[in-house]
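Some structures are shown below for you to check.
Next, two complexes with chain A in common: one pairs it with chain B, the other with chain C.
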Partner chain A sequence: MNQNFHPFVIPFMLGVIFLVIVMIVRLVRWFRMMDKRQRVAVSRNIISFKTLKAIWETIRESLFHRNIFKTNFVLGYMHFCFAFGWLMLIVMGKVEEIFASGKIFTEPWLGIFFKYFEPIGEHYPLQGFFAFVMDLLLLFVLSGLILAFIKRSRSTILGLRKTTNHSPIDRTALTALWLIFPLRLFSESITASYKGNGGFLTQTIGNWLSVLPVETIELPAWWAYSIALCVFFALMPFTRYMHIFTEVLLIFLRKWKVVESAEKTGYTFIELYSCSRCGICIDTCQINSAANINNTQAVYFIRDVREEQLQDEIADNCLMCNRCTNACPVGIEQTQIRRIYRRKKGFDSEKLYDYIKPEAPKDAQAKVLYFAGCMSHLTPGIITAMKQILDNAKIDYHFLDEDKSICCGRPLKQQGFLEQANALMRKNSELINNAGGTVLVTSCPICYNSFAKDYNLSIPVMHHSQYIEQLLNEGKLKVSKKKELRIAYHDPCEISRGHNIYESPRNIITKVGELIPAGNEKDDSLCCGGSLANTIINPEQLTAIRNQTLDTLCINHPDILATSCPLCKKSFQRGGNTIKVMDIAELIALD
Partner chain B sequence: MINFGYTLNKSGAINLVEADLSLYNDLMKKVPSFARCIGCGGCAATCAARQHTDFSVLKCNMLIRRGEYDTLSKELNKCMLCGKCSLVCPRNVNTRAMIIQARLLVNSFSKR
Partner chain C sequence: MNIVDCIIIGGGPAGMEAANRLTDQGFQVLLFEKEPELGGKLRQWDKLFPDFTLAQDILKMLNDNIASNKLEIKTGNTIRELRQSTDEGNSKEWEVIDGNGESHRARTVLITTGFDFFDATRKEEYGYGIYPNVITSVELEEQLKNGKIEIASNSKNDPNIAFIQCVGSRDEKVGNHYCSRNCCICAVKQAIEVKELLPQSEVTCYYMDLRMFGQSYEELYRKAQQEFRVNFIRGRVSEISPTLENRVILKAEDTLLSRPIRATVDLVVLMVGMEPSETTAQLSKSLNMSDPYGYIASKNSYTADNETQHKGLFVAGTAKRQLAIPDVIRDADAAAFTIAKHLKNGK
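Presenting the complex of A and B:
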């Protein structure tokens, strides 16, 4: 019999072969499920610098887990140990084996079970070095394992308030994974105890273990190690560990400019299977931290979709604030995926909103088109302020929705009524095109996001914070600074994480008063509790979210809480609240 | 039937005893806050769709409570889900959830 073979390698090999087959089947299926646009993107970008960039990002994220390090150092270290440590164990094992055998191509299992098959008394280059490095790597992985164990039992030590609950199959795979490295340590030590081929770790433990009947324990130990590997590999495609491969695929697809479409595609599944269930999204979600609901966050939503047991209440119970997407180390666009799963079909699309007749302006064609948006009509102060600003700056403008507003369509889209949203978008596009301006200014971040991202307008779109800043910079608008006014600013979800508009409103505020720091600023901003995306949550829970946000915003006791969204303003003002809330347009007009 | 040379119009009265209130009952379960509506009309006054056509949440409420589902399905599709009504409602009725769930129920009823 081949001296490099022993039946105990069979479970390991079976596990690996099974894993490879399942992965190939999945890959083929996902690629076939991609839509045309996505496939074109892949074929167009596959041979380009983007691929090199993707390789670099894979190393940075999948091996070094830079993003997790940024969020939580200990958690990052843990993932780093497993990913980098394990890969290096495999790679160094292979190199060691090449040095030992002098051949490049050897039995695939040899590197994994090298210590067992290593011939006694033979010497090869760098033998001592390899023994040392392999032990060091093993120790490195084991240190991560200890952290993982602590995380399971006491998540707060790692700075996580909540950790994910696992299904039985996940737990089995987890157990197998946790057993792999201690078993490797044990088997190698046992072998080292009589072969003397261990490094600083395995040899020391091996020497202690030599009091045991090593000859009898040796084989069972290697069998156990192989079986643990087999169980882990065989379960991998059906558990969260699938992310190890899918994440790499996702990085490449993203670099090749593949984007989520309105319908379920292969890309959707690749995103879903890239979730490592790290649980980072749970703590960032206000539905958890303020409203105490714990079954709807990105990780649970994704799990439910994967296990095909998603309920509408779960898909619908999300503010679509994108805080989780922002925090997610993999960058899974859960909001987009949620929209796909909220999709509501079967409505007669012919006659949708045929009662809306977009009118052309009777007056001469103005250069600036102003669209207040439905929500601004609920906060007339913003409209009055905007009119005053435009008049003061002597701007020739046309008010598109002064007495009749057409919703931009985003709320419908968020709820999965795509045909309806498209119908409204056609109406608004007609209205805007008829008016023929050179720039569209809107006061509502929801409309802004919609016009800028979903519409295909021929003129540029600006949020009023950007436009007012421009007027101030051009000197068309003059304001005087009131030193005593201390102002904190709330970043509305739709233009902060949605469009990275952070500086324009702040620049405006510093021209009127003193901008003071608030909690959770910029891309970490919280939800005002007015989100239109969630129709499940009850008013008390929304108020809890709002209050949490108000508390963090007002830590430095501002005189005025400024924002640049009519919906945020409205939510902050509702139901008894002592702080004065103003839109930035009102701050300027107040002058 | 004897021809008297004239006919009676079909009665326009709504018989609440015989009306089919299954959708109403289902909706109550799905959106409990619907029960809190006092018919104040705040939602109608602010409605964005109502600036263009005769439509309001209040009107839909009435149609649902009377079991007039044919008219209802046409009405419901007029809503733009803009959310103004839910912000002004003094009784915190989840108006948009009501519209969405009623749309889904009407759809599933018509398939039955």
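Presenting the complex of A and C:
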């Protein structure tokens, strides 16, 4: 028999072959499911500088896990140990084997089981060095394993309040993965105990183990190691560990400018299968931390989609605040995927606004179009302030939705009524484009996001925080004197994470009073509890979310809580006046 | 230290009536009121539903009884704390720390701290505090008392006046699921009074349901429609916006006709609901006897409605739930009876 073969390598090889076949089948399927736009993006960008960037990012993220390191150092180290450590074990194993055999193409399992097949008494270059490095790498992986074990049993030690609750198949794969490295250590140590080919770790342990009947234990140990590998590889495509490959693919596709489409595509599946179920999204989610619901977060939603057991109640129970997308180390666009899976039939919105006819307004020459939005109509203080500001700055404006208006469509879109939302958007575009004007200013971040991202308008769109800032900078609007006011600012999700508008409202506040720090600022901002995107959660749970947010916003006891969203203002006001809530427009109009 | 038989916290109708009934029976009573005068919210009211009895007549009767009885009253005094006496062996006693930091002891305590009106600025869509012609039912009552209704708009036509029901009641968005019970009939009463003062005005009442459960309520509602031509539209107002003539436009849906409606009006009256008063909410929380809204939960609303889960601590009136004046006075009588029984048995 070939001295480089032993039947115990068969399970390992079967596992690897199975994995490769499944991966190829999936890849082909996903690429065929991509829509035309996505395929064009791939073919256009595949041979370009972008590919090099993708390689660099793969190294940075998939090997070194820079993003997780930033979120949580210990967690980053843990992932780094597994990904980088294991890859290096495989690579260095291969190199070691090449050095030993002097051949480049050898049996594929040799590097994995090298210690067993290493001939006794033969010497090759750098033998001692390899023995040392391989042991060091194994030790490195094992240190990550210990952390993983602690994370499973006591997640708080690693700074995670909640860790993912995994399904049985994930737990089986996890057990196999955890067994691989101790089994490797054990097998190599046993072999080293009589071959003397171990490094500082395996040789030491091997010497202790030599009291045992090593010849009888040796083969079963290697069998066990091979079977653990087999189980892990065979389960991999069906578990969270699929992310190890898919994530790399995702990085490349993203660099090639492939984006989610409104429909389910192959790219959606690549995103879904890139989720490692690390559970970082659970802690960021207020539905967990304030409302105590623990089965609806991105990780569970994605798992349910993958296992084809998604229920509407899970898909719909999300604030769509994008906090988790922001925190996701892989950057999965869960909000967009959720929108795809929320697709609902329902009613016909085509005729809803037939009573509003697109016609040129009387003051068609107005340069500025002001669109308050439905939520501002429910918070008339903001409209009153905006009118006052526009009048004070002597702006020639036309109030587009003063009397009648068509919904911007975003609430419907968020809730999964895409066709209905599209019908409204078509009508509204017609209305806006007919009105003339050179710029569209809106007081509502929801409308703003919709106009800026989903509409194809002929004029630029500004949120009123940007517009007021511009008026102040141009000197058209003057603030007489700073007041003795301590003001905290709440970033509304739709313009903060949605559009990175962080400084404009803050610049306005500093002109009126003193801007004081609050908890969870900027892209880490929390939800006001007014989310229009969640149709499942009840008012009491929304209240819990709002109170949690108010508490962190008011840690420094501001006189006024400012925001720039009518919905946020309304939500904060509802519960009673523990703190005065004002829109930034009202702050300026105070003057 | 002198230990009185009963300390009553809150000198509104409930507190006054209970104080009278207890002193009638020879018990020693100490009454606290945070305002400079007794009478509570009754003092802000002109006439009472459903028979237009003058609020001041009821107040006078209560005050006359107080004057003829020998009891100690501390007005302008907001209590700081209510607790079970810490002295050993005297755990049955209650201790009240008053606004001046003085300690008072009693064998029993009756809480009659009542309600507050819902703060209408929390429903910003109605424009209260933003448009001068949006007022609350409390402010209208004040105007009725003065016999003159102020219309802020510049319109020369006969005024349109709208009443909006359920402002802060039956509204899960502001966290109040309950019905405040008094606003429906109060709007009917006020609408009639408005029509009497301004016969040419058009008065419309926007409601979700009209709950005419009390004696003579239904009759008054019928009278408002037949004799006074008050309009009633089933539909909740969604938003109010201003016009150039200082009037306001309200948008609603007529849910009987399934049709959106808009009306331009000169005066909007918000029928503000009831919420536990600050002291009620404070006491119910500190003594762990709060219902979901901060009212004080009685021990058993069927059989022990004036008792609380704490021995020697009693409750009456709108500190418990939404009640009208006659119910409050009857409840105070019942509380006095229960307290008297407790005091006699305790000896």
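In this section, the second predicted complex is superposed on the first by the 577 of 591 C-alpha atoms of A that agree within 3 Å, B and C clash if a C-alpha of one lies under 4 Å from a C-alpha of the other, contacts with A are read in each partner's own complex, and residues count from 1 in each chain.
In this text, a contact is a pair of C-beta atoms (placed from the backbone, for glycine too) under 8 Å apart; a residue touches a chain by one contact, two chains touch by 3 or more.
As the structure is a computational prediction, the values presented were derived from the model and not from experiment.
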item: Partner chain in contact with A:65 - chain B first, chain C second, else both or neither; value: neither
item: Which superposed partner A:195 touches (first chain B, second chain C, both, neither); value: neither
item: Touching partner for A:570 - first (chain B), second (chain C), both, neither; value: both
item: Comparison of chain B and chain C by chain A residues contacted; value: B
item: Partner chain(s) touched by A:381 [first = chain B, second = chain C, both, neither]; value: second
item: Partner chain in contact with A:402 - chain B first, chain C second, else both or neither; value: second
item: First (chain B), second (chain C), both or neither touched by A:506; value: neither
item: Chain B versus chain C as contact partner of A:346, first or second or both or neither; value: first
item: First, second, both or neither for A:115, with chain B first and chain C second; value: neither
item: Chain B versus chain C as contact partner of A:539, first or second or both or neither; value: both
item: Intersection of chain A interface sets (partners chain B, chain C); value: 377-378, 539, 570, 574
item: Footprint of chain B on chain A - complex, ascending; value: 344, 346-348, 352-353, 355-357, 374-375, 377-378, 403-407, 409, 411-412, 415, 417, 420, 424, 530, 532, 535-536, 538-539, 567, 570, 574
item: Complex interface listing, chain B residues touching chain A; value: 33, 46, 48-49, 51-53, 55, 77-78, 80-84, 87-88, 92, 94, 96-97, 100, 103-104, 107
item: Complex interface listing, chain A residues touching chain C; value: 377-381, 383-384, 402, 539, 543, 569-570, 573-577
item: Complex contacts: residues of chain C adjacent to chain A; value: 119, 121-122, 124-125, 127, 130-131, 172-175, 238-242
